[in-house]
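Two complexes come next, and they have one chain in common, chain A, joined by chain B in the first and chain C in the second.
Now for the complex of A and B:
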């Protein structure tokens, strides 16, 4: 019962946060609502036994990336939302239809159409309890996925080098 | 808890490790000894690439057991593609050393980034795991975004870098979303396991899988500049430093086509009808859009950009034939990319070599009368243009001949016909340049441009490309057989 109440609270937080991102007029509030939505998502992950994903969600998304968003919003000093005029009159209608279509497709995927394997999902609760912990993720990271893990190191290094190269002013 | 660490097979990993270590070393050396001569760093980069090439040729294709669970496949195909990627970055390093506008730029930075990009391309081509495909792709994409805007004083360079970065990130998003959908539907990122799932569960029953496959095609289509995802190409190729443009027009295409090839082999037999239609339409649109747009260009880098789009279209013809399980098509696909790499980089090399310190000759009219002012350079350019157009006795002709022949043998009728008609159209704009060089008076051209200290690098690159193009045109069989033998796969 308590678990169910927690789920509904977290789900409400996530959905309300996402709606507020689009609906609120001040970009700063939008960013903060997105943080709330991410925290709700992290809670949902945690209740599903996916500890690692939950922690990463908070640290990377709610922490690092949203901080970057805040910096950008504050640096360009947006007080009020600026609406660009829509170029085509049907843009709004087409966007609504496509959005609803994708939503219906996702619901349909969940309700009826099976995945290739016939299962409804790859990670039922029992399996998640097995693979969701930080320990389990850490284990596959240095065994099965050691090569992508190392390659990610190269990728991050390239990112740093690229940022330094573009940011500094030096000519020989 | 006991953890079974996977077995590393150093002989197979050595080429990639050499390139990454070389990149790090060059960056550090340049940071600690910034006053040293640039030629040392260039020589070092060339040595690293050459030794990586030697290491990959020395390693005999390995077995399944050595593939680290499919993360790193060292098969005949990988070996050929490694050689191709290393060759193209070797030529790019030579071009970067020869390009005057890069004289003032910090050499360690761009050489290091070229090497990093090379390692990403190698990782992307040598794997069966969608995860590694994505990581490899991001490594080389990030390096190329920075290289595109390397000359920060130039507004065109900044435009190119920003455009490439924004659109490229968007395409990466598509690719990743597609991979996630495929993982969700098939339960694995390993192409062999996905193929096994597909044999028992036909993909037509899973909309999620088909949507994911479509998104992956979009993401890879962007990287190879296939229609309708090619709009960024001319602007980015025009704005980037020419040596980088040359690299961009070959390396990423080879790597992305290699990954595309492995994905097609895995899912192709089961998703035949859908993929056949997609590949057919993409190939026709790509070569037609490239060739028709190239006719109207007045900037040589934009013309070569559209020409590289057209060539991506021809390679897609080969992929459509590969989809139908033709080994001949695989061989001609590899051979075509080899010849394309040499002739395309050769053409860019002439653009670099014709440039002067003040600026590059990028307008096509700038080449009027080059046959009289710089006869050797004009002869080389004529050779590459004739080869790109596919006229004997050059490698371009032989490569096209094998490729279209393989498509016919795979049962396509209209696709090779349209491809041949497209080649006829392309003759117009390739030969227009030759006519300009030999049959027009030099305009108020600048005095004999001086190549500067990098002339020996340009000469080496030109010789390598020209000899290769001629050799593949006159004695193609041994290399074609090598390509055919490289179709042995670990999938």
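Now for the complex of A and C:
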């Protein structure tokens, strides 16, 4: 069961990276461990036969977005989180308990109900291997999903303009 | 390939870690990172379901989530830089007034 072993290795990498994001005091290390977690996720996408998503995850998420975070962390030169007394002392304990509650609820949902009740789609793994995952995804993207695709372009444009307007230095 | 439950439980773990990080951490940038973590937990569930149901819709939704995450990161980080300029700090506990 090489596939199973690979899954557990990648899942371990992803979870370890995510725990490090939450636990490490220095934001720089948090960003870098999130990159590690994203690389693990990209491997998981590959194991799910989603090659295009895996590549985009590495190039766009781990490459572009995380580097943006890294630039900002270095720009404003953050050190360790200071050990000031918390304004709400039970914050950490309460947060962890809430998290465990959410996790227990989600897992209970997944193990109690039948998961795959929907109708099967048009793209089983054999067909994807035949036409190519990227080609199939691209075709669906510019036919069935063309309107959300265009809206995505408008959203990114507005995002860029907004970021420039917000972060520009005002000269008076 | 591992069964669907394992992928879903992993995605629940990622989402939960994101929630805990948002509640527990006080640095605005780390809070943003934890939001990205939650988005990725949702993405993994989308791709896993899409793959097990022989459909591409899950992967397409992941693209849109990634685009929203990119726009959100750009705007959010610009806001963090602004807050830092005004307050010399990115601690969310320091940003407790609507006016500067």
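To be clear about the criterion, the second predicted complex is superposed on the first by the 136 of 172 C-alpha atoms of A that agree within 3 Å, B and C clash if a C-alpha of one lies under 4 Å from a C-alpha of the other, contacts with A are read in each partner's own complex, and residues count from 1 in each chain.
Note that in this section a residue touches a chain if its C-beta (ideal position, glycine included) is under 8 Å from a C-beta of that chain, and two chains touch if they have at least 3 such contacts.
Quantities reported herein were computed from a predicted structural model and do not represent experimental measurements.
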item	value
Partner chain(s) touched by A:110 [first = chain B, second = chain C, both, neither]	second
Chain B versus chain C as contact partner of A:166, first or second or both or neither	both
Which of chain B and chain C A:96 touches, first, second, both or neither	second
Contacts of A:129 with chain B and chain C, given as first, second, both or neither	neither
Which superposed partner A:16 touches (first chain B, second chain C, both, neither)	neither
Chain B versus chain C as contact partner of A:154, first or second or both or neither	first
Partner chain(s) touched by A:53 [first = chain B, second = chain C, both, neither]	second
Partner chain in contact with A:36 - chain B first, chain C second, else both or neither	neither
Superposition-derived comparison: chain B or chain C, residues of chain A touched	C
Chain B versus chain C as contact partner of A:145, first or second or both or neither	both
Chain B and chain C footprints on chain A, overlapping residues	115-116, 118-119, 122, 145, 148, 152, 155, 158-159, 162, 166
Interface residues, chain A side, partner chain C - complex	3-4, 7-8, 11, 14-15, 18-19, 21-22, 27, 30-31, 34, 37-38, 41, 44-45, 47-50, 52-53, 56-57, 60-61, 64-65, 68-69, 72-73, 75-76, 78, 81-82, 86-87, 91-92, 94-96, 98-100, 102-103, 106-107, 110-111, 115-116, 118-125, 136-137, 140-141, 145, 148, 152, 155-156, 158-160, 162-163, 166-167
Complex contact set, residues of chain A against chain B	105, 109, 113-119, 122, 135, 139, 142-148, 151-152, 154-155, 157-159, 161-162, 165-166, 170-172
Chain A-touching residues of chain B, taken from the complex the two chains share	1, 3-6, 20, 24, 27, 34, 68-69, 71-72, 104-106, 109, 112-113, 116, 119-120, 123, 129, 131-132, 135-136, 138-139, 142-143, 145-146, 149-150, 152, 183-187, 197-198, 201, 203, 205-209
Touching residues on chain C, where the partner in the complex is chain A	1-2, 4-10, 12-21, 23-27, 29-30, 32-34, 36-37, 40, 43-44, 47-48, 50-60, 62-64, 66-75, 77-82, 84, 90-91, 93
